[in-house]
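Notes follow once the structure below has been shown.
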Amino acid sequence: MAQLILGQLLNGAIVGTLYGIIALGVSLTFGITGIVNFALGVFMMLGAYAAWYLTDTLHAPYPLAVAGAVALVAAAGWIADQLLFRFTRNDLVNGLLVSIGLIAALEGTALLAWTSTPKEMHHILPGVFFALGLVVPKMKLTVFAILLVAIALTQLALTRTWMGRAAYAYAQNAEAAQLMGVHTGRLQTGVMVYSTALAGFGGALYASLYSLEPTLGSLYVLKAVEAAILAGIGSIAGALVGGIILGVTEGVGSIYLPLAFRDAYGLIFLVAVLLFKPSGLFGGRR
Amino acid sequence: MGMRRSAALIAAAALAALPAGGAVAQEVVKIGQIEAQTGPLATYGWMGYQGVKMAVDEINRAGGFTVAGKKYRLEQISPDTRANPQEALIQLKQLLENDKVRFVFGPFLTNVFNGIEPYATQNNGKFLLMGGATAMHGMLGKPNHDYLLRTWNWDAGQSGFGQLLVDYLKKQGAKKVAMLFQNDAFGKVAVDIYSPIFKQAGIELQVELFEPGTKDFSAPLAKLGAGKPDYLFPGYTDAVLYDIVRQATETGLFSRFFLVRGSLAPGLKNKEAIDDYIAYLPKYFEEAEKKEPKVKAFVAAYKAFFKTSDFPYDQAPLCSSSCYDHVYMLVEAMKRAGTVDDVAKIKKELMSMTYSGLWNIRYDSTGEAVFDFDVVHMKKGGVVTATHVQPK
Amino acid sequence: MRTLAWAVVAALFALLPLAVHSDVVLTVLVFACLQGMLAASFNLIFGFTGQLSMFHAAAFGIAAYATHLSMEHLQVSFWIGTLLAACLVAVLSLIVGSICFRFRLREFYFAVVTLAFSEMARLLILNWNSVTNGSLGINLQEKPTVWWPGAGVVKLDGTVPWYYVALAGLALTLLVCHRLVHSWMGRCFAAIRLNDALGDALGINVFRYKLAAFMVGSVIAAVTGSLYAYYLGSIEPGFLSVDQSLAIVAMVLLGGRRSVAAPVFGAFLLTALPHVIHFPAEVRSIVYGAILIATILLLPRGIYGTVSAVLRRG
């Protein structure tokens, strides 16, 4: 039994970081542009398909494929921002609805391009690690490490770089930040692009672990939003922790309770948290 | 004299100018298809659409077909239900009332079938519905359901392949099986069908159902693995099989798999980690292509028709239901019945014939399809043996 | 003037079956009316009090199951069954609403919490096989009956009778929404929509009015669910899915949020369009997405809203 729980704790943490990186994108987008970008799920999907295509069809080495995927998705994110999201700043409802439209359009395009037949990338790093009687696939652990690094780097960027601190300042007090010379428009576009890049990055890594289909993003973005809210919008480390909590709750919950309700456990936890601390576990600024 | 001769010449010239068989436009027999072409379970609808398209085109290019002295060609009408019963109902009404269609292929999805069933039953006698939905099984033979034919074979029952597969499994020495299925219509039915079969065979069965859309199976696999089963019996679409088989082999707790749906591909992808991968396949196309001329021709024709060098080996087995063969079988039945309109007569012919195309298909007394299939056994390293089974 | 125009529209719709004999068209209209009821009642919560409720589809689906179950186990008629289902949904929405509004959850959190409840309800229905038959859904054999002068008790069977039922349902829904919005309650809604705090400052019991709108909207959705299930002849857990909720949002968006009738226009459009324009499946998703985006960016008041604004100006 202990083995089972330990295994699910670890797996939950790993799965949670994938939720976490999207949650990070969700959190950043909400903090700076005032909308919840559900379309991050399709950007994740595009990143996954791009990585798969680059690796399996064009035979690029995987790291290069990931970089390529991120670049492509970031570009797509920039286009989406210029054409669509630029007009829905701070408009939660419209932003939500534009996201829905974008999701339908991009999923349809993916379906057209690749059909609903699942695609699977060739296994990049086959094999497993043994530790403490637990079995962890090597690639999964690698992805875990990479995601943690990415999130840590984001945290660093936000606190050390000028752009990052400008973002923080803006999130705190938009007017003051503007008066201090922060170019709002560029900042918002930058955050948009960065969060779609994060989603694409998550997707590219996802592709090395699971099979692909055009609707893969919808589950993840929902979990990501849950995680972001759980943690509290605006907290970077919080997005990661929120994701991990969600992943672990689902995994451990499924051991004791019926598996069929797996999605509910995270939701119940979320509702409970929101009722007692609406700003989330780590939130407090907004 | 000169006038009459000219007249005769003109008449002769006019007669000669008439087209040989008479200038009658070919009449059309329409085949409707209501399937989900988008969405998570779209693979079935997709393959059905591809197969029917090919068959219709082939028959038309060959000049159509003749029934009771008249020439006909086919037309395919395939709206996308998006797995939504409301859409499907309106589409079926359009097919029957606006397009005057008498033959409808599909649906594969149970929720869609449930939505159209009342209307279909009201129109009993006006058309034939030939689909693979699980829920159809219970409706066959009920009063006012003469319109119904189920084109997918049933796991249980006399001609069912489930029993056969479990027997095969028992011979491999299986004592305990872990079943991991989607919590949806077919998943539920699969548990209901296979539980008694396994029980009778004296094999212990542990069941876990997961929410459709799941990608990470760590928890259920850990749970099932704790029971140390001999075989894993995983869900029924490739979309989940790729992930389940991969993750299962990674845990090290599972090296033997037993499938009643899905393709060989997930097994091949993980062939070094798998000891046994036993699957029911309507047809193991990779081998059938080499052994059966009709299959070889079909594969070549598919590539030419859809202008691709890739043949969908994984999805092609799904063409055993409401697909290519069924178009030809229908045309044959129309010919034998001598009518394209009298659906009762046509159904009678369908029920009394065995059609040999890619598959040998016949309908049992309730109207459910029985066709030949392959039991495929892959061993470690990817060596595949296929046993062809022709049910009685 | 307005009332006369509406009376004419109502009369036209009522007389439609005499001129139109196509079962297909009438079926589309039945569904359009029912979706219209969903859209209008959703807008009561969304457009008028500014709350994005993801509970609407759940109310719709739960009521369908509840009606069937009460007819089966309590041997009541369809109408009593629907009443019971509506009461159940009223209680559920009271609970959910109280939790959300009492804790002053902001707009977006409200959406997430209602989504959470909706998903939990769906999972419960999906897995409670003994009661709901789970993923296989339920085939409804019984038909509702009405007492008709001259004919006695008749079964509601066939498209034309259902057309009138759906039309009546829609008319009733619009009437209820209209009265509510134009009452003093409605003015409170408007204040709340604009600014919660302002509403509070004006002495409006924000909580009570948000809850009222939420409950009324959800109850109408419940009645719609009952009608829809018995018209279609089957129920499935998919009635409560997120997709269903989003479809309702899209209808309101397309039609418009600021008037009572606007969402109905969106409902009619989205119900009929797939059957008028035939696109290959994947292309349809793309077109749908494009329409949605275009409407939001170019016509923020929705199609109906923009048209009526233009007409009013001109």
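For clarity, chains are labelled A, B and C in written order, and residue numbers in each chain start from 1.
Going forward, a residue touches a chain if its C-beta (ideal position, glycine included) is under 8 Å from a C-beta of that chain, and two chains touch if they have at least 3 such contacts.
This structure is a prediction, so every number in the text was calculated from the model and none was measured.
Q: As a test of understanding: of all chains, whose mean C-alpha position lies farthest from that of chain C?
A: Ranked by distance of C-alpha centres from chain C, the top chain is B.
Q: Which chains touch each other through the most C-beta pairs?
A: If you count contacting C-beta pairs, the leading pair is A-C.
Q: Using mean CA coordinates as chain centres, what's the gap between chain A and chain B in Å?
A: That pair's centroid distance is 38 Å.
Q: In whole angstrom, how far does the Cα centroid of chain A sit from the Cα centroid of chain C?
A: Distance between chain centres, rounded to whole Å: 33 Å.
Q: I'd like the Å distance between the centres of chain B and chain C, where a centre is the mean of that chain's Cα atoms.
A: Centres of chain B and chain C (C-alpha means) sit 37 Å apart.
Q: If you look at chain B, which of its residues touch at least two other chains?
A: Answer for chain B, listing residues that touch two or more other chains: 38, 42, 183, 211.
Q: Two-or-more-chain contact residues of chain A, please, as numbers and ranges.
A: Residues 108, 111, 260, 263 of chain A each touch two or more of the other chains.
Q: Where does chain C touch two or more other chains at once, residue-wise?
A: Residues 123, 126-127, 281-282, 284-285.
Q: List the residues on chain B that touch chain A in their complex, please.
A: By the definition above, chain B touches chain A via 38-40, 42-43, 46, 183, 208-211, 213-216, 218-220, 222-223, 226, 238-239, 242-243, 246-247, 250-252, 269, 312, 314-315.
Q: Can you list the residues on chain C that touch chain A in the complex?
A: Within the complex, chain C contacts chain A at residues 52, 99, 103-109, 112-113, 115-117, 119-120, 123, 126-127, 242, 246, 249-250, 253, 281-286, 288-293, 296-297, 300.
Q: In their shared complex, at which residues does chain A touch chain B?
A: My answer: residues 4, 7-8, 11, 15, 108, 111, 115-118, 120, 123, 128, 135, 137, 210-211, 213, 215-216, 219, 250-251, 254-255, 259-260, 262-263.
Q: What part of chain C is in contact with chain B in the complex they form?
A: Its residues touching chain B are 22-24, 27-28, 31, 123, 126-127, 129, 134-137, 139, 232-234, 236, 238, 274-275, 278, 280-282, 284-285.
Q: Using the touch definition from the top, list the residues of chain B that touch chain C in their complex.
A: So the residues of chain B touching chain C come out as 37-38, 42, 79-80, 82-83, 85-87, 89-91, 93-94, 97-98, 110-111, 114-115, 117-119, 134-135, 183-185, 187-189, 211.
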